[in-house]
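Consider the two complexes below, in which chain A is the common component and chain B and chain C are the respective partners.
Let's look at the complex of A and B:
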């Protein structure tokens, strides 16, 4: 049952409801299964992430949900509207921005191109110009307002693309690898804009695909890990990480441990203790601390361990709890990482802003870690 | 980002999945006009207006002059004025055909291969067909400039015997409307093909308009063609369009369809069609071609959606 447009959407309807969605591309010698029975629900107001390597099926799912592609099997709806039969309703309440592409009418000015789309989205002339000018300011393209699209940098084009995507104030915003190919600062601006847009009005929904794990981890309320056309796990980042780590893991740095790590392993609540490395930070290169990876049944076992260390004549230099990453989750689920895919993809696009460091998994993680500090 | 929050609050009431009939019509009209403007800008924005005007009119003007001079040379300077009129009208009006047939197909190819915007247009609330028609109209306007200038030069420079008092205006207006519809329909069929094919299809419109040029009586009558070619000509609306326009402008001009030994004469039992007869045949063939074009387009659009062709850059 389609939802009423006022208020923004009904809590009763799902923003996305995909049931057993399959997609097979005809190809020789064998058909390619891009989606293999996807079941997915996204609630209104969620920022939901699809995380997976290239070829996982993320973009194919977005194409189906944005009415660009028909599913081979199954059903899907957006705010209650069927993606096959009610395309016009869906197109009025959604928008899509894809990253890593050089789209745009190069001969048009930034302002002209946005205004043109405002008319395609059904806005009136005056309302169109008003939104265009506001969005140009919001995304930071004031200086490029009358510049031709062909003269924009990759990051500026993505800002323009973002502004186009926001013109019709969609209920649901599909972002397909929005930071792909952007330099670090442009990627950061894109993430900030995304979060600010969603936070501005309760109920705005975002479906984000990415293969930057730190990006998805930081931004998304929930996410699905996708590989080879199938959803392997769905949950909040914390839930997913918890799935692969039921124990508590600590990284313990001690000044000495004369009786060896075996003494720690025998303490109550300790599952395992292993010496992982030493710090050679003395001037003469002499090892002067000991690093231990300590696996406990739960956090509560840490107290007795700390007490026992005094009896072992060992002093704690540092103590850090080790959190699993989404990569650990992916490896646990799939049995492999997708670093190789990522490298190949980034090198293949060639979409990097001249003179700027391109965003990659490492830089995204660094930046997000810095922000959280 | 405070401004974003404020703007979003104001706007959020306006995204609406449903629309009234009146809103839908307004949106279609707005989309069509904007697409026409987009077509004009992408067509003409690469240079200043004067240079573009020269570019747009030089090709048809010089193509027509070349044909006229060839006829003069071949006839030893004795080509009758009526035949010059025949050639000038056919060649001048052909600007519409070239522009109209290519316009829609090139809009598909431009937006898919060059601008990478076809998918964004397709998932906008507007029907892609409406947007393509707008783009096609823009190119037709360019073709119109060439046609008008060519016909004007024909009268002023080549001395075509145009008598305004003898022009059959109702037939002329009706023929032009139907003719342009049929050209757009043919363009739509080619756009449907371009949607399915590779980048090589840039050349298809030229190939099709070139083939049609030979069989629709543009610069020589059908009766010099083999019978099967005449048959193809008779089922083409362009043949009847040119005939009706010629009849309306120059009532005494020779028929491009009938004549001694023509297929038309043997089928109809008289030598040449009247202006009204040509108009009726134009109406019939236009309806058929238009229906076929819409059906072809809808099939092509569905197939492209089924196969995911809207955002595939072939880049061949």
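Let's look at the complex of A and C:
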């Protein structure tokens, strides 16, 4: 089936355009402000992340954008369709998958459940079965094709949810903590599917919320850091990290540095050079190399340093750029981390699948680092 | 469009991609549905939602015990009482018919009414509301699935009761009987649709109300005796409860010529009553669904999974 390669004629319409969106829940003794003047624009084709702790307002924003909730103030639109008045149009072009989602009926088999949902999107009877089989293959549930939904593991269940979300070829896909509670391999499969789905058609847009900073860092084109109903910062992961670190920091491993780290510190563009591990000379006891933390004015200063190292008769064993993490950015902006929130949230869901290590911030970071290597 | 991360990998493939099924040139085009497509989607949604009910018939055989064998014991008890009292033979038929109709009533009261509330707890209601079909299609699908399932169960009870207790029917107006039966189903499941919406609106209170009302409704509906024998109560039941009206009309038509029903409304009149009930109940269900969606979007709780 040919895919239109032409640019979107809706390029003028933002995929998401939220202006001063507020949401207040009635509660006793005091109303709860879930969103407080959110301004957010997401362009078609972006994979945009919302990063924040529990109660930050991420899910509330997604509910507003998916027409499940009205904003208390402000306006929001999805591909130009108003979330208050044009709900039908939005529902035709979007889909949503949430972490820990249990929708459907346990007595149905995987294939049957997907077929049922396909009918809600207007696929024909046979067309629905064809599409369902295709999606089952796509998400890797072939062996569970005729297994009851109630017997699926958490990871398999999320694959099923993901297949459901793709039934209608949405233009915008809302993923609310899609890897929450999944083991490492299931989380990876979900991320890969997400990226592959988006890559298939220009203009497909994803709004992703996640607790896992490494996941957001790796996947998202841009992200917003949200806390207590407000957006604290928006930008690409690199831009946000740059906010908390204007210098470029490198970790340099050299085979020798006879003239000491002071020789490096005097080079142009170098702010400081210091040994970072091992003995006072920066020597790594096990590998017999020299480790240096090099702080430069910017990345461009690295070239002259490398050239100068040859003159110093030192050879580079390894070179690694040391960047602040999104967690550093979060702490800088919010004044606290959300590790505690994360722990409570994970324990509260009870979604860990038996026999598998659930994904956590550390394992996600490890796995993503491994992939990039 | 932004220069997306890894954009080189995101160029469209000329080959058929499993990630692309119904390509559209733009979101605007994808959102533009003709009335015919809207109608077809709603019809398919009805079939889609009816589907799990029919699967359940095959996959959860516990209904044989709870909805056939146990109700049949109650029916049998009344049969033996009427026989001991040497009642007219039609009474045996009345009871067997009432036993068969119990399947519909139980289905409406215990499955249909509570279904949307249960769907909310499963997280299904949110998914339904974010899909492009009308929620009325979901309600109709639930009703039609339940109706087909219960018709099968009622048919078994009727068949077994007729054979075991030797019931002899006397039908003069087959088409009217069929029409009344269909109207009985539409009115009854219209009530079920309305109750389903009320359950979402009122939650636990509606559940308690149903439990409290179950036995009185059984009684005033005349499942095991002609409802007209209840006099004023019977008349009230005929005016408000589709089970009572439908059962009385079906008895009059299935035992033509018998004066033992004691009915004071003709089957034709009762058919009209059922039509009115159908319109009122389904209309109310539609109205309440709109209220549910409005309230849900306002307060953020009504359709959201709470457990």
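Everything that follows uses one rule, which is that the second predicted complex is superposed on the first by the 291 of 373 C-alpha atoms of A that agree within 3 Å, B and C clash if a C-alpha of one lies under 4 Å from a C-alpha of the other, contacts with A are read in each partner's own complex, and residues count from 1 in each chain.
By definition in this document, contacts are C-beta pairs under 8 Å (C-beta built on N, C-alpha and C of every residue); 3 or more make two chains touch, one makes a residue touch a chain.
Quick caveat: nothing in here was measured; it's all calculated off a predicted structure.
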Clash-or-fit label for the pair chain B, chain C on chain A: clash
Partner chain(s) touched by A:169 [first = chain B, second = chain C, both, neither]: both
Contacts of A:297 with chain B and chain C, given as first, second, both or neither: neither
Partner chain(s) touched by A:131 [first = chain B, second = chain C, both, neither]: both
Which superposed partner A:238 touches (first chain B, second chain C, both, neither): neither
Contact breadth on chain A, by residue count: chain C or chain B: C
Chain B versus chain C as contact partner of A:192, first or second or both or neither: first
Chain B versus chain C as contact partner of A:43, first or second or both or neither: second
Partner chain in contact with A:222 - chain B first, chain C second, else both or neither: second
Overlapping contact positions on chain A, where the chain C interface meets the chain B interface: 2-3, 5-6, 8, 25-26, 60, 63, 66-70, 79, 81, 88-94, 96, 101-105, 107-108, 112, 116-117, 119-123, 131, 134-135, 137-138, 164, 168-169, 171, 196-197, 199-201
Partner chain A, residues of chain C touching it in the complex: 1-2, 4-6, 9-14, 16-28, 30-33, 37, 40-41, 44-45, 47-49, 51-52, 55-56, 59-60, 122-124, 126-133, 296-300, 303-305
Residues of chain A touching chain B in the complex: 2-3, 5-6, 8, 25-26, 60, 63, 66-70, 79, 81, 88-94, 96, 101-108, 112, 116-117, 119-123, 127, 131, 134-135, 137-138, 164, 168-171, 192-193, 196-197, 199-201, 204
Contacting residues of chain A [partner chain C, same complex]: 1-11, 13, 23, 25-26, 43-47, 60, 63, 66-70, 79-81, 88-96, 98, 101-105, 107-108, 112, 115-125, 131, 134-135, 137-138, 164, 166, 168-169, 171-172, 195-203, 219-222
Residues of chain B that touch chain A when the two form their complex: 1, 3-9, 11-19, 23, 26-27, 30-31, 33-35, 37-38, 41-42, 45-46, 115-117, 119-126, 131, 305-308, 310-311
